[in-house]
Amino acid sequence: MSALLELSDLAVTYPAPGRRSAPLRAVDGVSLRVEPGETVGLVGESGSGKSTIGRAVLGLTRAAEGRISFDGADITRASARVRRALASDLQVVFQDPYSSLNPSHPVGKTLAEPLLRRKGTGRERAGAEIRRLLAAVGLPDDAADRHPARFSGGQRQRVAIARALAVSPRLVVCDEPVSALDVSTQAQVINLLAALQAELGVAYLFIAHDIAVVRHISHRVVVLYRGRVMESGPAAEVCLRPSHPYTRALVAAAPVPDPALQRKRRQVRRASVSTSTAAAVAVDGPGCPFAPRCPHTAEVCWSTRPAPTTVGQVELSCHRYDPGSGHPDAGAPLPGPSPAGNGHGRQP
Amino acid sequence: MLRTVLRRLLVVVPMLWGIATLAFCLVNLIPGSPARTILGDGATAEQVAALDRKMGYDRPLADQYWTWLSHVLRGDFGTSLLTSRPTTADVGARLPITLSVVAGAVLLTVVVGVAVGVLSAIGGRRLDRAGQSVLSFFMAVPSFWLGVLLVFLLSIRLGWLPATGYVPFAHSPGRWLASIALPCLSVAAVGIATVARQTRGAMLDVLTKDYIRTLRAAGVSNRSLIFRHALRNASIPIVTSVGFQFIGLLGSTVIVEQVFALNGLGALTLSAVNGKDFPVVLTVVLFTTTIVLAANLLVDVANAWLNPKARRA
Amino acid sequence: MSVGVNTETVAAAGPGRHRRPGDKGTGRARGVLRRPGTWLSLAWITVVVLGSLFASVLAPHDPLDQDLRSIYQGPSGTYWLGTDSLGRDVLSRLMHGGALSLLGSGEAVLVALLIGIPFGLLAGYRGGWADAVISRIAEALMALPVIIILLAVVAVYGRGFAVSMGALGVIFSAAIIRLVRATTAAVRSELYVDAARVSGLRAPRIVVRHVLPNVIAPVLIQSSLTLGTALLIQSGLGFLGLGPQPPAPNWGAGIAEAATAINQDAWLMVPTGGVLVLTVLAFNFLGDALRDAAPAGRGAAATGRFFGHRALPADSDAAEPADDGVLLRVRGLVVSFPEDGGGDQPVVDGVGFDVRPGETVGLVGESGCGKTVTALSVLGLVPGAGHVAEGRILFDGADLARMPEKRLAAYRGKRIGYIAQEPMTALDPCFTIGSQLVEPLRRHRGLDRARARARAVELLGLVGIPRPEQICRAYPHQLSGGMAQRAAIALALTGEPDLLIADEPTTALDVTVQAEILDLLRSLQAELGMAMILVTHDLGVVADICDRAVVMYAGQVVEEGTVDQIFTAALHPYTRALLRSTPEREATAGPLPAIEGTVPLPRDWPAGCRFAARCAYATEACSAAPVPMLVRDPAPGGPRAARCIRADSWKAVDHERAAGAV
């Protein structure tokens, strides 16, 4: 069975500031799959290329290398016409609820935009459809006549979700949809996305920097660092029992709202990163991008790009886990406790 | 820094060439023949043909263009039809007068404009309101009208300053200053008002920035915040605005010279326009364009120097 | 004559990026319409336009009719504005000349718009080489000496305004191109345009639907200003005698005639120049009014209070004794902002908390609850027109709220340090890190330049910056976010303060960098012994670094206690709900326990409990009257209090509900 969305060796480059320097590889050989009805979380820090991947999938940024296929069809360099046809299957919810809705259009006009483009949708049916959509995302009927300025951030994000779902897409790219929201509103929007998925069977490519949010909503998680995949696998596995040194650092760094547990986690974190971000000099060498901050490096980490290795349910790009890599400690478990164990998590 | 200058020069040179070509076409693509335009409807066909031949207007346009361009590159801008002297000599003789006024006006614009703008931004609501009204008024006042009024009040009625005429700096610096004071003032009024408004806006904008708050919270004094930090950050839009004003000041000066009977570039151009002296008109266009482009270059360099982000790029 | 049309100020009226829910753009537009100046300008322009267009009918005299017996007459019943050197009626000449002037200026603006809008749209929307070529040409046009070019045009095509004003329009189109291009490019980068592209809209449709409406307002503003400028330039040409042949009137020539006769009749200068000045003034005023009415218009007006906090009047109540070991004691703090319709709206409403030396207190809450304003009021740095309206801010026994600006300024940086949220904008982009540190170091510590420089390097080392000498010479934009925040912390430490106020210091940073900054703050605190107020919305950050937490909701403190108390035994339903809705706590699948509804805006605050509308445990009594803080057993860890009528019986309630659910 073919995946709904499949990326293979996707690379996206940007021209570097200097004229003669090589282009920056914002996304560098990323492969991933999203199955129908599934949520795949893309997690990483700024500069990890996670949003760029989303924009490449949506056709808003050109892919330099690799292949993007949707429902088996190659859409890497799809023509404008093919893209327009794809619009009813592929939608987006952006991060900033202030910029993602046209401030001068009433909400109804924004929601009608994708609807009216579809053949055979009259104004009357569009009106009924808009009321149905507003109800589905928990907004009152009269919201259609109001402008975005009259809504809070959370409510705007509901409007953005309604717009994305207006055409019953099969995949929605969610680019940091809750990171601009307050905690209480964030929970509302996450619940809404989950409920809509259960009801409509839509798949999400869920992009976020907050690993707890990603873990909560995703079935599978892909961890990115400087444009490359570090680790991918089932959400609970990756986020609660991280294997890759970078995932470990990421999980250990996220503070949990529990003072006692947080004190313990601080100890764990000391062991998971060797150098501070301030001191780590980024190298564009041939090796592993995380090597400058990794406490487990060997010579091979600086010289060779790690190949994906399957360990249990997860896939890792780390020489430490690849018996054939030549890393002196390859295959042995990482020393030190795993940073996760936040007491509330599902225990194995 | 040097690289910025060189990069800008690479843009300026083709621009100058483009404008020169445009100006050439403007003059030589007149419906009918230039000679007919010069001589007027009263001239006979023989007279027109003779002038066409003399000026080379009868040759193919491309031919004329190459001849003209190659002469220009060698510094030969042609001879005036009215005085039969090289146009560059005429322009060169008038340029100092015009440039004196423009330079004085730019100085006034910058100093007074920035000072008024800063005061308006930090001086409180009432002062700001009053300042805004006065500035709006001066932005709407034509420089030549203001010039006439100034002459009438300060020269004719009060006799403080000479009404007309120009005294070269070399003759008497004091009288030179007196002779350009009123022209400068009437030309600069609009510039001062515009730059003051720009300064006020930029200062108000900068004063709401995060870094002003952090520096203030760190204990940096108000004086340093206003004059060191805010003004420095506001200087980029201010300098850009002064650059735009320069073009306006140059234009105003050309007109205002008539009010003060200054025998500058304006008088030369006006007589050339009325006398259809195309070589002089072309030369004036090229000279002034070069001056404006040089001023723009200066603005760019100043901005690059003021803005650390642009300094390396 | 302002030929250089100032585009940059107009561009500010483009699409606003971040309009907050409370924004009332329409209200502002109405305010502009209510201004008398707007109506006066419109009325004047109408009078001038009608008077000029229908001059042949309306004018009292023939503009060419000479009456040599009545030359240089002042205003009279026959000649309302007097007569000129040939005894012609000035008013009639102005009216007849007006049509020419207005049509000429209109022509220039029309040409500018016809060229500027399409090319600007093309350059802004397409980008790439189209943008490069069009922008270069516009740049060249803007570098033309306008008047000289127009003189050349007149030389070639003869007198009259038709051709020269068309040429002026071509030159002015550059300003329109730049403006439309900038606005279009800004809209183009808006996410709603991306969303429209994803929805399959074609480029022309996007331009019509999303870009053009945004372009109209700034173009209108620019057109109004350009009309005024064109009028000035045109009358300049007229003044030089380059308008139509002499007996026909035009405004510029009228001034020239008046100027030659100034010794005979100075009055003539008034109507001839006045009509021009008033018309240009009206166009400029309309442009400004439009700009102010635009949603993202001018913004700040000079309030004159950027550099002084408004101190409360001193009162006789003796300050509370400070010898109980409290460094900062805030009591009954009310911070208000002026409302649009007049009156003050409090956004912080009776806030009180204590900070003891060396301890870290977290001010926690969601956006709009007043935590940042509370923190800034301690420094006397409430933004904009906001001000402390009531209450006490006792720092080391002295009331900062009642302290004149001069004395309060001495506390900033020296006794109380401040770290802002956004490190990249918190440092002055025009100065090196070193010079920004040296300035307060010299002021606070009285060091000479060299010593201050050495100390700056030392401080940068202290905050964990590698190669501090090099960073000292760097500009803020050359640093990463984490490094910039370290530098900002070093700036806050220059005065070796007793209290550090950190406003969301890690919110803008990556999580691994956040962990390092929190570690740094912790170790600095241990080393220097300062107290800290940490403003944050992130409960994880509070758990990580704070000793005590003050939870805020809708301008009030709703709960206070040690972090262990807050996180394990919260008393207020809001605190409990907030904790449960964080995904970090809830590892199992299924919906997160969200709090329905939203935080009320200040103007919607109810009289009773402000959380009641969202509270699962609310009763009628909750909404009846304001709920006081219930202080519980003053424990060694500091006050323990909650603003809930059930705070004491909370556990019982919880058990009841749990039992009922089973």
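Worth a mention:
First chain written, first letter: the chains are A, B and C, and each begins at residue 1.
As a working rule, contacts are C-beta pairs under 8 Å (C-beta built on N, C-alpha and C of every residue); 3 or more make two chains touch, one makes a residue touch a chain.
Note that the structure is a prediction, hence the values are computed from the model and not measured.
Under the stated contact rule, the graph of chain-to-chain touches is a line, running from one end chain to the other without closing.
Between A-C and B-C, more C-beta contact pairs join the chains of B-C.
Chain geometry summary: the mean Cα position of chain A and that of chain B are 55 Å apart.
In whole angstrom, the spacing between the mean C-alpha positions of chain B and chain C is 33. Across the complex, chain A is touched by residues 15-21, 23, 25, 190-192, 194-202, 209-210, 213-214, 295, 366-367, 464-466, 480-483, 486, 510-516, 518-519, 537-544, 563-564, 567, 577-579, 581-589, 591-596, 598-599 of chain C. Every residue of chain A that touches chain C in the complex is listed here, in rising order: 45-46, 55, 58-60, 80, 83-88, 90-92, 94-96, 98-104, 110, 113-114, 117, 149-155, 160, 163, 167, 182-188, 190-191, 194-195, 209-213, 215-216, 236, 240, 249-250, 252-262, 266, 269, 273, 276-279, 342, 344-346. The part of chain B that touches chain C in the complex is made up of residues 11, 15, 18-19, 23, 26-27, 30, 37, 120-125, 127-128, 136-137, 139-145, 148-149, 151-152, 156, 190-191, 194, 197-198, 200-201, 204-205, 207-211, 213-222, 224-226, 229, 232-233, 237, 240-241, 243-248, 250-252, 254-255, 258-259, 269-270, 272-273, 276-278, 281-282, 284-285, 288-289, 291-293, 296, 306-309. Within the complex formed with chain B, the chain C residues making contact are 1-6, 8-9, 136, 139-140, 142-149, 151-157, 228, 232-233, 235-236, 239-240, 242, 255, 258-259, 262-263, 266, 269, 272-273, 276-278, 280-281, 284-285, 288, 298-304, 306-307, 379, 381, 383-384, 409-410, 412-414, 416-420, 422, 425-431, 436, 439-440, 443-444, 475, 477, 488, 491-492, 494-495, 501.
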